[in-house]
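What follows is a set of structures to go through.
Consider the two complexes below, in which chain A is the common component and chain B and chain C are the respective partners.
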Partner chain A sequence: MMIKNNDNVSPYQIAMIIIMSVISVGVFSIASDAADAAGTDGWLVIALAGALNILAVVIIVKLNSRFPGKTFAEYSQIVIGTILGKILTFLFAAYLLLVIAYVTRAFTEVIKIFLLFRTPTEVIMLSLILVCTYIVRGGVECIARINELIFPILFIPFFIVLFFGLPLMDFSNLLPVLQTPADKMLTAIPSLIFSFGGIELALFYIGFMKNPRKAYKPAIIAVLFITLFLVMVTVFCIATFGKNATTQFLWPLVNYIRAISLPGLFIERLDGVILSLWMLTVFTTIVSAYFIVSYSISKVVGTKEQKQYVLPLAIIIYYLALQPDSLAELYEWGAAIFPYAITSFLYAVPIILLLIAKLRKLGVR
Partner chain B sequence: MKAKKSARVIAVLLSCMLLLTGCWDKIEIEDRLFVLAIGIDKTKETEKKTPEDRYTLSFVSPVVDQVKEGPGPAFKTYKTVNNTVIMSVSQLMERFSQKQFFGHTKAIFFGEDVMKDEELLKGVIDGVSRYPELHNSMYAYIVPSRAEDVFKVKPMFDKLLMPYITGITENSDYTSRILKLSLADMVIKLADQKGSVVIPEIIPDKDEVKMNGAGVIKEYKFIGYLGDQEVAVYNWLTDKAEGGNISVEYEDVSVAFRHFTFRRDIKLSKVEGGKIYLEYKMETEGSIEEYMMGKRILDDAVLKEVETEIEKRLEGESEKLVKKFQQEFRVDLIGARDYLSKHQPKLFKTIEKDYDKYFTDSIVINVNADVHIRRVGLIK
Partner chain C sequence: MGFFSTKRSGKAKVENEMGKLLNSKSIEENTERLKDRLRDCDDIVYKEFRVGAEQSLKFLLVYTDGMSSRDMLNDAVLNALMIHAREVPPDATEPGEELYRLVRYGGLPASELADNDNLEDAILAILIGDAVLFIDTTEKSIIIGAKGWPMRGVSEPNTESLIRGPRDGFTETFRVNTALVRRRIRDHKLKLKQMRVGKRSFTDVGVMYIEDIVKPELVEEVTRRIKTIDIDAIIESGYIEQLIEDNYMSPFPQINVTERPDEVAASLYEGRVAILVDNSPFALIVPTTLNSLFQSPEDYYDRWYVATILRSLRYVASIISLVLPALYIAVTSFHPGILPAKLVISIAAARQGIPFPALIEAFLLEVTFELLREAGLRLPAPIGSAIGIVGGIVIGSAAVEAGIVSPIMVIIVAITAISSFSIPSYSLSVGFRMLRFSLMVFAGVLGLYGIMLGVLLILSHLVKLKSFGIPYMSPYVSSVGSDFKDTIIRVPSFLMGRRPLTIARNTVRLKNNRHLINQMEREGDNDDKK
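Coming up: the complex of A and B.
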């Protein structure tokens, strides 16, 4: 290696990794899901789900700081025994593999509709996966840096573009507030949890920090940022289209960006620009998850390096991504798998592991 | 060793070409046919090529080399017949060497026939909102005759047809008698108002178009027209008016009042005996534009009286149109549902189920206008 490989992740990079892993294709459809679940109170449900996830991320950091310098793949073997730990890690990797395939496919569908109509699906997917493969072979430092680098490139133009749509909005569309019954709001939360999937990657990445205790602040800030961002997107979409039309749309955010026109500017329409930028967040989501998959496999098998697993995995991802017949089937699969997987890996597994570690007095306090 | 390495680099660069040289989506600008407007009609029996044909679509595109200066017409029109709207769009590929491009489409015209048929209208609305190549920012119009007639108009002062028509629509900032509705707004309104909407009407003539009335759609079905002045009143009632003119008689002299701002607020005054009383508060300010030479209008007492006249006019006309919506059209397009659902959600929940019945029978709307004359022009 020409670059010194010190395999360290800074607290700032942890925040970036969490933000960039969570924000991906789900943002396109979240306003529609939220409006469907709770009408004009949809954004409130997202805020509630965000608050719940702050709790989850605190538990994750707590668990990780008991085992400094160790990732989930390593300390799970300490806490619940080698075999059970390996099985859990393998399940985690399998779930992430499905996430990658899902994100790849969903994004390809968006690109195919709005940007590259005639480019074969396979080419879009393969080029995306192969670029990711290249980054993942670089190791954890590479991933941390790419997340750090892409964050400003993506969000600064994106926020500017979002605010160009302000003249389209009618904020009275957000009324009435707080008219959804409390029980309906609570039952709506699980359907929006998938938008927060990706936080659980912190279980691994915090293990690469020198001092895991320093992760509390960046992790909480990251979840706050994600929540605010999702709330903002939802508020903008509902304010522009009203709750009824928002529920009709498949990807309200894309509709919103397409509705913005800047007459007199060099480019009048911005959807092409934003969608190409959006490719970056999908890319970081895939990269962060992809590395964890290859890393977990190397820990389960017991090899030192993770590099050799990356390229074979690309084939599996490509195969999985091509499995759903249509967008409808893809969404059905997503709805069938991810809510359970996310609930278990984001909430259940960290809480159970933390309890067991506490009872067995494992790790440092 | 070194040669091996450079050979490797060259191999990588060469294999890059495999990915970079093929572009499936490349379309040269000469190959694009810019569609400026779409007209949708119900297919006449005589036009049908197969019994399934339902829509006649008309398109207009500029002839680029004739637009600046040229003896020939600056735009060409063409039409096609098919079963669904989007099929007709792709059918054009079979007839033209260029590819249609809808990124700059400015308007969509609906023939009255399409609007009268619930199934056809639902098909069109679905097609245009689903098709990703169409942008929703185009304006929507209803044509009392057939939509294709609009494209036969040869505008007097403009070379191109579409900038002429959209230019008129964009004058709605200065005159309240023109209604502006984009396709996006139409889709939103149809979703919010259960398939009902008021859509601007356009009447094609030989060398001009008239754009004063509006069509009323109820539950995806055309039910009637609003007249010239009624469109202004509709704009007042729905808080869409900005600038405009109102003329009143004061002591047997016509006074022209021009407003620059117009605001409407709805308030719930009371719920009594099963009836809901709503108050529409209108507030406008502007100037006197014309009076009678030799008579003095710069007098506070006179201006107050003129203000009362204008207020009476506003209230009278508004209440007349409210009555028309309640009794003739029997559909709420004047913002009462919008207000109740947003600001009185508890009350609205009790009447949501058969709201249309409540609207016609138990909602009483009072209009209350407040006019301020700020200026009187250049003479006293």
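Coming up: the complex of A and C.
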């Protein structure tokens, strides 16, 4: 008989999921954060943060390989006990809910600035969340496939647009290199970590693979790709505007794309292109996290299906996203919560769980 | 004679293990029963005839007038029997059995004979165009394959014409269609599973596949789904399509429909399954992916870069037919700043004095165009083109002159229409038409953002969709690199060494011969130098 839902994620899809959930609203502001933190050496800090995250992702895959066929929601209950595991999973889900609400709200504000000046925030937000619920109800297979499908749709035009700006750049803006003292560089790393938030979703998605050991290569490649992409964006922005101007922008990448104008190009302003790219990144980030939230809750409650939690969660996300009054307030909230949440879920939790599992000799090997 | 007929006379009807009524030994009783069952069926012919020296051996030939070949019956049954029946020894103890054996294994110069012992099967055989021969004093009857009705010849398919490629298309006759496929696959691994669907129509439905290429679970699933159909009649293959498809709510066709035997054969070689239905020139192909709906058989007959360019053109056309009117609405009513200033001014000048908002304007013209298309389809070809002229030129220019729509909108609708015609699959282009209207509404409400939402919704739906267990968007979502050879790009033929891995097994189909040709060329050069 035909397999109805095989719930399998291929190694290639793991790479896609990691890339697409990390590349999000952050990519538009990273150049300014980096320039803020380390001036012309900002891109080096990103590269360092990337190297750190390769380590993190290796730990995540190691942890998952001990429990093949199990996701974080399942093996955390084995490692630290049912109740503690459930609490941890619930905390994870709560953090992801905040991420979704943050991304949704940030994107809504962008839409209001660029395209729909008079449309109410509520309408924009609700329509986006509802579109996301449709795919999330489809299950992990659909999430994996949509990430795989959108990857080329996003990155091919993205690269083309980015390279159109080459004539604008003056690479002497990147000089001097390595002026920042080493200790300042290291302290700058945490401020850029939020740009890598999303890797921790691998804790769950690798659990849907047939053989989690095969995740090492795609996961490392994914983090490498992300790092290179972010470095590239930062270099391009700093090279175009110089480090001082870059720090002044809210979204340097947007200013960069807007600065591109090619004679004979049909579209005068690339706002539509920016918006479309932005929307794709936001959409994939939201759905990947959204699925994990509904999945975690179904595991915490102990039901088989995750479908029924999707729509009620939409209401919670909507409510959370409505809380900040302005973009500035939203960014304050984000800066207050996410660095800690990401540090704990991306680094602390996997390392601690791996150690406990090793000490208690749980799982395979 | 009378002795045998009385032996089982009376109304003692005997049934076989299937619960079917057995034939009687007496030819009179058989006739009576048949006529009772088939009363008021005035197109049934009962030909009773006697042969033998004393005209004592009775036969009854029953067939449906118009569905069996009369020439064949005259030649192979009547003519032959009237001679051969004389060979029965007059003193045989059981003339019926003897006669039956003689007739069955020698007397009838017909290629298709089958035994039968019950009335139900006999009646079914009669009604599907075969003839049944009853012999007195035996309960065995013989079914003679004599199907022969007026049928349309093999002609060029109307809906899928090609510049290059075979000109033959399927007809309404099941057997002709299977033969057209068999002519292209002369392999004993080509299997044809036949079944009858429809409690009243008894329509022949054939499931065709190549045994060692197709995945066995696919064949199983297809036959299982067809067997679940419990319906009175199957008029066309569309009935089967709608009863076995995966998602009946989707605007996208999940089963490919074709009139071309070459396309069916090529699909079978890819590991797909074809479903042929009697009375329908349209074969069904499963599983179907979005990618396969963009393929035309010509892509493989033409050289590869021609095919690649045409493929990409079709993808672009489908996107245009999906979003162009919506983009027009979004740009004119929400974001005029996106376009170059000069273009914005000319659009605004063209829209000067138009009483409707862009959404209504677009709907007006799009609906008019759909009406024209529908009207043109229903009319005979010569009048249909007249409708096109009236619609396209007269109404279009009149509407512009009257100031109801802007000339730019007319151009947009025309481009959209042309684009939607360039999608090879008709049912896919219908799906795009429906989605175009919903995207227009999205654009009218939320502008570019609305279009993006709509597109994401469509992508999500496509990703969710499956056709017989194969993701609809494969190979774009199946993580199989080698399947990309035959997508938007169609690589040179010598590189298409493998069947699509997501669908087929036993995947090697071609060994690269390029280096052999190059080698021969080099050898030829060396010979010249000598």
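Note that the second predicted complex is superposed on the first by the 362 of 365 C-alpha atoms of A that agree within 3 Å, B and C clash if a C-alpha of one lies under 4 Å from a C-alpha of the other, contacts with A are read in each partner's own complex, and residues count from 1 in each chain.
The definition used in the following text is that contacts are C-beta pairs under 8 Å (C-beta built on N, C-alpha and C of every residue); 3 or more make two chains touch, one makes a residue touch a chain.
Predicted model, so just to flag it, every value in this text is computed and none were measured.
Residue contacts after overlaying the shared chain place A:Leu224 against neither chain B nor chain C. Of the two partner chains, chain B is the only one that A:Leu175 touches; chain C does not reach it.
Residue contacts after overlaying the shared chain place A:Arg118 against chain B, while chain C stays out of touching range. Residue contacts after overlaying the shared chain place A:Gln248 against chain B, while chain C stays out of touching range. In the superposition on chain A, contact of A:Ile146 is made with chain C only, not with chain B. Once chain A of one complex is fitted onto chain A of the other, the partner contacts of A:Ile78 are absent, as it touches neither chain B nor chain C.
Once the two complexes are overlaid on the shared chain, A:Leu320 sits clear of chain B and of chain C alike. More residues of chain A are touched by C (comparison of chain B with chain C). Of the two partner chains, chain B and chain C are each touched by A:Ser127. By the document's definition of touching, of the two partners only chain C reaches A:Leu275; chain B does not. Comparing the two interfaces of chain A, the one with chain B and the one with chain C have residues 115-116, 119, 123, 127, 269 in common.
If you check the complex, the residues on chain B that touch chain A are 19, 24-25, 103, 129, 132, 135-137, 184, 187-188, 191-192, 341-343, 345-346. Partner chain C is touched in their complex by these residues of chain A: 1-4, 10-13, 111, 115-116, 119, 123-124, 127-128, 131, 134-135, 138, 142, 144-146, 148-150, 266-269, 271-272, 275-276, 279-280, 283. Across the complex, chain B is touched by residues 113-120, 123, 127, 172-173, 175-176, 179, 241-242, 244-245, 248, 255, 258-259, 261, 269 of chain A. Taken together, the chain C residues at the contact with chain A in this complex read 217-218, 220-221, 224, 334-335, 337-341, 446-450, 452-453, 456-457, 459-464, 468-469, 471, 473, 476-477, 479.
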